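Please read the structure below before turning to the comments.
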Amino acid sequence: MIGNYNPENTNIQASELPPVKENLLVQIWHNRKARTGIMIIGFFAIFGIIGQIHTPYPASFDNFPTWLPPSAKHWFGTDYDGHDVFSQFMYGTGVSLYVGAAVALIAVSLGTMAGLVSGYYGGIVDNALMRFVDILLILPTFPLLVILSTYFKPTVTSTIIVIGILSWPFMARVIRSQILTVKQRPFVQASILAGMPGYQIMLKEIFKFTLPLIIINAVYIFVGAIVAQAGLAFFGLGDLASINWGTMLYYAQSQDAVIYYAWWWIVPPGLSIAILGIAANFFGNGITEVFGERAGEV
Amino acid sequence: MSDNILLIRNLETDYSLGNGGYVKAIRSLSLDVRRGESLALVGESGSGKSTLALSIMRLIEKPNKIAEGEIIFLDKDRDISVLKLGEIGLRLFRWKKVAMIFQSAMNILNPVMRVENQFIDTFEAHNIQDDYNQRINKYLTIAGLGKKVRRLYPHELSGGMKQRVSIALALSCEPELLIADEPTTALDVVVQREILFELRQLKNSLNLSIIFITHDLSVASAVADRIGIFYAGRIVEIGKKNDVINRPAHPYAKLLLGSIVTLSTPRGKELSSLEGTPPDLSKEIKGCSFYERCPSHVKQCLTYDLQPLKVGEDHYVECLRAQELLDSEY
Amino acid sequence: MITRRYLIVRSSYALATAMIAITLNFLLPRLIPGNPAAVILFANYHYLPPGKVKLLDSEFGLTTNNLGIEYLDYLKQLFLHFNLGVSFSYYPATVANLIETHLPWTLYLLGVSTLVSSVLGVITGRWIGWRAGSRGESVTSSIFIGLTSLPYFWLAIIFILVFAFMIPIFPLSGSFSITIIPGPTLAFLGSVITHSLLPIITIVITTFPAFALTMRNTMVNQNKEDYLLMAKAKGLPKNVIEKRYAARNAILPVTTHIVLAFGYIVSGAFFVEVVFSYQGIGYLLYKAVTSYDYPLVDGIFLMITITVIIANFVADLLYAILDPRVELR
């Protein structure tokens, strides 16, 4: 758990989850909570992509007067060095979201793979993997992130890799327990008896039952990674020349923005992280509700 | 008129479907339970037997509800209208007047409390002044358990032992009426027989009235004085054990009895089987609820007002053609 | 119940995890090509006479030996002398020394906030869980979801901005007022408490809602349990059912959550320390990271990890006491 986004807080019963069907997307969209979550995340995504193509002023242009409060010319004012904060925020949104998405991709692949293998094959493989997961879960993530980031070259990519390889254990465990229950279902037992190869059973029969969990976990990891990256940057780790929510807060803190009452510099990135967190929780709860309703169908 | 302990009149219990709709699990049901008798209610799962039990204890919780009717408990000196009881009145009524043995004993005991404490909190709730230790020992012994069980946690007990603890618990406040909801289904046959035997003994020695709920006719015939047959939220036939088993009048009861093989079933006798499914209880049912599946139905069944017909001494059937069918068959 | 087997298995887990952390701590600095520590050392101390550099080399453990021998030596130094090396940036202070002076502050922050946060979380969670479905409950739950999403360090900055600058009711930074001489006096104690209030409030606000939400969910799930139905059937008073049946069982998964979150609280405390310039381990780590003080970063990592492992172990024992069913699979 890197962020405070704890998937356990959703009321989900892994064993009750049905497989994903086509009309599921429609059903998710009809759930108010899930839709709110998707719309908030979608808004940030679009905002961030636009920020990569166009910002009111170049994000790294620093010749404006310093510490200007918000105005029509500078919506979010300017910072200690005379950057336009809105332009920085717009550009930084894209970078932060990219970090989140890339980490989610790495962690979800690792977590799903580990969970599938562990849950399906059981035995020694399962034991070894799960003990490893136990140990990773006990190790405090943030100090581990700090020490790894201290030794690796500070680039955005290295930060992504470091956060990615530390974000999968919890998910692997959830997926594994889901597979253990699915494995007991008659149709899987039938496939095993029929001599279908293990990888085929996993891909054809079991994988679809883990999709809901994968979706939920992906969103939590996505937001968790944005928080983790911001945290690292705040500690002065990672690529401090990159503009993102984390480095904005880092400079706001190290350049004593509070002394200048420069709330316009502090509020946008922090509040955005909080709103994304709320969106993830909405989404997770919504998905849980949708699957809760559908659980009876299978 | 024999001495009754519980009167149920026109009871309707509804289960919420979550979309504003309701399923009528109990449909305008009336029933008298006699003091000192053992009444078995038999029916398929989903017929509403357990709902009736929970309704008597008023354990039906929102969004489900008891929509209509009356439940009267005839105490020695006064009548208690169960559905009108306030919070404290209800609390004191439960377990002291009517106690219950639940269907699954596996999870019925609080896993983090020692067995004895689950007796003591009940005694405290009902202001029982006796020596707790003696009382716990007494009822554990009655239920066939040793004193050592007291200090154990539920996970240290076997399924059969848990069921015995729950029997001891049910008896420990000396209720007048005991509802046993499938008390033995989760247990293996040997334990099942022992427990049934003990319950029957207890009934006689403690002067209890028992409502036995089961889907198993052989269990019912082993323990009951009277048998009631449950179908789609109503009791469709009720009478003395031997009458119902030997001369069932309702077509459903006949089919139910006919589908059981016993040692005395003649070889070669064709087993009857039930076709179709019970009616959808979320919709209004006109006339007899068994109409669709009934081999002997006639047009009049659809307008039948469900007045039970007397077909013998203490033997009532909810079927228009009951007498006619009885006469033709026996 | 704590059986001997439980004790043995749990403690061997803890030991194995600790050994992995220690080994990682040993290997990481040595796996990096062109030891960055040496580079930094050279940059800072290049004016030192050659003899002194050699001495420093051995003090920092930078001598190139066989890896196996180095490992054994490292373990010996660690376990026998609690020697974690010498700090670059605070030279000649040892890492162990620095940790020793900063640790009490962090333990104080962590201890108080974990305690307050878990008690508050369990109490509020129990309250809203028992009233699930009501309007008050759904509003409270939504607010809690919002609170769990606030990043620690951001909330800390906002608090400083609001409560130390705009409405100056709390001290701005530090662990105690610099005008007071540390000692067993009431003035010092008062200063320590006022300085720690805002950091503690920050940590508590961002952590307790998660505990409360977990407690809420487990309380709600209790309603599905047969023993709760039984408790009602037995005619027990509502408060007894809530306390001895629902809450008593609901708290079990919550303890696990609190334990899992402990590592998270540790890192939260670090951020808060940095923002408030609170003289704890987190602040020290921040200083170490920003001045490339590798031995100090390593030492702190090791110390934190072992603290968290011990906390986990203690919590495991606590759990076994709380839940009579635990006998270890």
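Just so it is clear, A, B and C label the chains in written order, and each chain counts residues from 1 on its own.
The rule is simple: a contact is a pair of C-beta atoms (placed from the backbone, for glycine too) under 8 Å apart; a residue touches a chain by one contact, two chains touch by 3 or more.
All values reported here derive from a predicted model rather than from experimental measurement.
Because contacts link the chains only in sequence, without closing, their graph is best described as a line. The leading chain pair by number of C-beta pairs in contact is A-C.
Subunit A and subunit B, compared by their mean Cα positions, are separated by 53 Å.
Averaged Cα coordinates give subunit B a centre that lies 55 Å from the centre of subunit C.
Centre-to-centre separation of subunit A and subunit C, using mean CA positions: 23 Å.
Within subunit A, no positions touching two or more other chains are listed.
Contacts from subunit B toward subunit C in the complex involve residues 57, 59, 87, 90-96, 99-100, 102, 104, 106-113, 121-122, 125-126, 153, 155, 166, 169. Subunit C makes touch with subunit A in their complex at residues 13, 16-17, 20-21, 25, 28-29, 31-32, 36, 145-146, 148-151, 153-155, 157-158, 160-161, 164-166, 206-207, 210, 213-214, 217, 220-221, 257, 260-264, 266-267, 270-271, 274-275, 285-286, 289-290, 292, 294, 297-298, 300-301, 304-305, 308-309, 312.
Subunit A makes touch with subunit C in their complex at residues 1-2, 4-6, 8-9, 11, 134-135, 137-144, 146-148, 150-151, 223, 227, 230-231, 234-237, 249, 252-253, 257-259, 261, 263, 266-267, 269-271, 273-278, 280-282. Interface residues of subunit C facing subunit B in the complex, by the touch rule stated above, are 225-227, 229-238, 240, 244-245, 248-249, 252, 322-325.
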